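Lettered A, B, C, D and E in written order, each chain numbered from 1.
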């Protein structure tokens, strides 16, 4: 029964959705200090290439590859975060966009390492790897009444879901703490924040690195799910797409990018039947959204409204911390 | 070969500059990066192609048509994608950026449906006129492009710096509310600016179509990104900066082909802005305003 | 001596905003800094808090040279300021604004914050309590959950003071705290600053409201065109001919009616 | 000259003005008084067109001008010196002043510019400096000068003395008197109530968005009840 | 691979002896490569009508867009495989997409035929992966050899798009072939997607005075390159890769396209009634000449229909086996067989553009 419901197609879409959610969060993190980074597609690429190359050439376990990918991306985040500290607003946005382009061009041209635009194929597939590991222990999907590919996609999905929940949990907690307040203060008024004793250099670079880390992680996961990557995956369109998740869903609260990525990944699938027009519709939706609800679909007020409905009359504790998660 | 390459670089640079001027104008007034500018530019080129090849009309009709249609597109862009955001409370300063990205996605895909995905040749006899100087062939279009870019730059910088309308425009850019208190009809100023910038994009589109005999729906994105890099390089809102940035980039891209690896050509623009901004965060000609 | 300003100069391009200014402030006093518009008062604040770097001269805080330190380090050392044009964090509530002020007196990092260690929870509770106390202190306890941009002007000024106090400064710099306040509010402000002084905090005050300055300050320095033209007690300053000429004007009767 | 009748104004859903009515006679100086947050600035914004009242009517020189934009109102002769100065930070002092005369078509602009520079010598001195780098008080002067440059029939001043040195404050009041003498009607918001009333003909008192008192300036000045309740304890 | 748990779709052999089958198509329908997707779609639709008319098999095509992106191609394929239960898949358009979709189809036991995927290694992905597009390794050496022989070329210049798999792998083949033939490579220039100005690269190439230019470009860009080259006075012949081969080149570049040499499985002028019939029908239906993308897609569906007919039912495994046995199929591309890996066995024709027309290059 259940086995028939587990359709790899849906799981595939759901897995890409989760990756997109993670990517959306990566932009949200940096943005919560007021810095708009469009380099996250590039960081994603760095994570993906690092992990792919390590697992292929050094036969490292996928987990190690993914962690290394995320870390290398984070280091690049620090390296680009420090010199761009002085830049603000759109300047930063464009420079990071440019950085992303430069990374892509390097992927294209550094053929000995990256195989150029032909891309890297034969990357260990995380789901198949899980399956073969488990089979080593004598497990067989049919024990669960599943077919192999159902199991493969189910395991990817479950893994991603757990990671996504962890990331959301992590950054929600960070948000409602001293660190989160520092981020918010910097976003609202950098000079005033510094005068209040906040080391803005540290926190801005921290946010940048965290964003890069998360994006790099998403990239590494992506590489091991698709089993094939090429520079075109991490180009301008991806950067813009990630940004749109955040702005569409809302950049004030972490649920914004989560919802944005969810909805905008789902929509093209739902709209497949008019596939020729779906990008036009995509464009239109963005324009209409901005005109009607520029702060994004989900904002602080909406969350508070939900909360009030839920705890109607109930006692609110630590109210100050609850404003926005 | 050097002289030929120099001509190539200047032609390319002049085109970049014209595109960048359109960006600069809109940024200068609205503080908005108009991500749809590249697509409007592309539409200008297509209108030119349609009028010259399908309707077999003369070139000036093509220019007039492209200007009119891109101007209308500019109006629509302002009316439907920018104006609704303007007086809203709590609007993130990124909202207009996203909104114009929405427009660019819409336009790019619309152009696929209207014009097809393929390349369209630009057949204008004007584009064939050339002079032979020694072994070097110079096309009239190349000269025209250079001259137009210079004229546009001079006109714009005179207009912005010296005329009342230009000052009103700068005031609008600084602070909408203050400008309107000083008697500036900000709505009209903004609409006019977006229209003019778009029409400039349309002109640039035709010129590119003629110079390179190539018009595709994708030309907008690549040109748009370059234009963006240039206004940062030159300093946002600076007319001279856009011109200088355009020429620098055009020459740099040409000479990396000559002396370096053409594979890195697309990265030049962004490497240049990263370096420039680290040394001079406000860009080459931008002025620093501390708040 | 809490603060010593020694021969400080500041040039902006060709314009010298401050020239060889020297004065010092004693522990526990309220020191006034007055002078005509554009005399360089706010610039002096910006130098003390390292928002600008002096062209020459030295600034000593508790006998330590603080030239060129980062702004946030200076706050940690015990100097905090308010701004002439209010700079609260507009979308934060009053309480949150004050809690940000306590940043440099707390130290939970990312991991402790996320994993909510015991020490972190205790610290958060304390931050919150202190914030409430400080709001109470400046008379804003009813507004702790109000988003600061929706507060009235006078309340915003007081909130800025509370936020500055949250960093537990030894020296508090106030830039025109009475601007835009009416007389009732100004007299409340007087009481507040006195209360701050009684907490052993030294105050450096810029203000154009002369009655307030004269009542409040122990000593006053007067700047004019970036130079110090007088220093002394309120009486001395009120009768100083250069100060009257440059700043106060002669219609004393009107001012102190 | 100006007749405001029964306006309501909102910020989002928050009502700030409730049924506010006031009149300004041609050639007079009128002061609006009130505590912080009473709605003085909001009233000024409504009259100058920055905020559209949701109810009520504003008439200027007998013409209904409710809902017009600030630039249209400026052309009709209403200029505002806004609270918080709103200097064009990236334009020079001279350009700021020129912008003041933006809508004027006469050829006296040059002359008036010189006159303004005489009145505020510091502006002459800083002609080429960017507006944003002036000190707080200098910006206030520039804002006032800029508004006068538009040769308004009705000048709205929102706390013009804020942040000014005592000497300049009395200068400002003198200048207001002078401008008024040369035929400009003035509507003034001030915390410096006593000085303001002294140069005014009449006044209105706002409390939480409602007009609670109005009258001749000297009557208000001598009404100790009002002075105490709205303007401070001290009575002179 | 090929663990074929999933039996064929909901379409069974019907009582009237017709075999009904759903065929999924993953194609580049929106975005920058939509021109190829459109051509492919056109070819397929036309073939489907004809096949269904004949009545041996009844095919139902389900089109899914990939927008040229791997992840979307993969989800599209997943949908076809798992939700629509198609018997076989045609597509995707790009080799990059096939690199992702191929393994998945193979694992799921769904036969998949690439019609435009020319990069190396595609049929080697698995038993269920086929293609009927001639790989570059076959086409490029064929055209190069003939051109070099005729023009006695010794020195060549190369130009290619380095940010596109198609043109990049075409270039790799060109370079390898050139080296093997002992040609002197004067310079290697690259360009990028969306570029419209090739003057800098061409000026440089011109200064080296090559005997021949090897250009690995898609026709959209390639045509413009030729146009700009002729304008600056470069009049040596061009040898292009698969993507360069299209009647569109003549449309775009006009006279400037003279001298382009390509090897093609597809020659629209061939005196073959089948070919002429196809060209005529295609032109009637879509208003333009079919290019190789259309022709290859057209043949691919015929090959598939043939296999389905031979399999006797819409069963994935049976259809795969039938496909693998395809031999000497006479399509509009000529005589066609799959080798044991599922790759193409056929002889390409070398064409040259002369006076604005493709003619056989002798």
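To be clear about the criterion, a contact is a pair of C-beta atoms (placed from the backbone, for glycine too) under 8 Å apart; a residue touches a chain by one contact, two chains touch by 3 or more.
The structure presented is a predicted model; accordingly, all values stated were derived computationally and were not measured.
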Which chains are shared contacts of subunit B and subunit E? A
Have a look at A-B versus A-E and report the one with more C-beta pairs in contact. A-B
Which integer distance in Å separates the CA centroid of subunit C from that of subunit D? 29
Using Cα averages as centroids, what's the distance between subunit A and subunit D in whole Å? 51
Rounded to the nearest Å, the gap separating the Cα centres of subunit A and subunit C is 43
For subunit C, residues that touch 2 or more chains besides their own: none
Touching at least 2 other chains, the residues of subunit A are 105, 108-109, 276, 279
Contacts with two or more other chains occur in subunit B at residues 109, 221, 261, 263, 266
Which two-chain combinations touch? A-B, A-C, A-E, B-D, B-E, C-D
Residue numbers on subunit A that touch subunit E, as the complex places them: 7-9, 12-13, 16, 105, 108-109, 116-119, 121, 125, 147-149, 222, 226-228, 230-233, 268-269, 272, 275-276, 278-279
In the complex, the residues of subunit E that touch subunit B are 30-35, 37-38, 162-163, 189-201, 203-204, 206-207, 219-221, 223-224, 227-228, 231-233, 248, 251-254
Flag every residue of subunit A that touches subunit C in the complex, lowest number first. 170, 173-174, 177-182, 184-185, 188-189, 191-201, 206, 318-321, 323
Subunit B residues touching subunit E - in the complex, by the definition given at the top: 1, 4-5, 8-9, 11-12, 15, 109, 112, 116-121, 123, 130, 137, 139, 208, 211-214, 216-219, 221-222, 253-254, 257-258, 261-263, 265-266
Considering only the defined contacts, which subunit C positions touch subunit D in the complex? 12, 15, 35-39, 42, 84-85, 150, 152-155, 176, 179-187, 208, 210, 246-249, 251, 254-255, 257
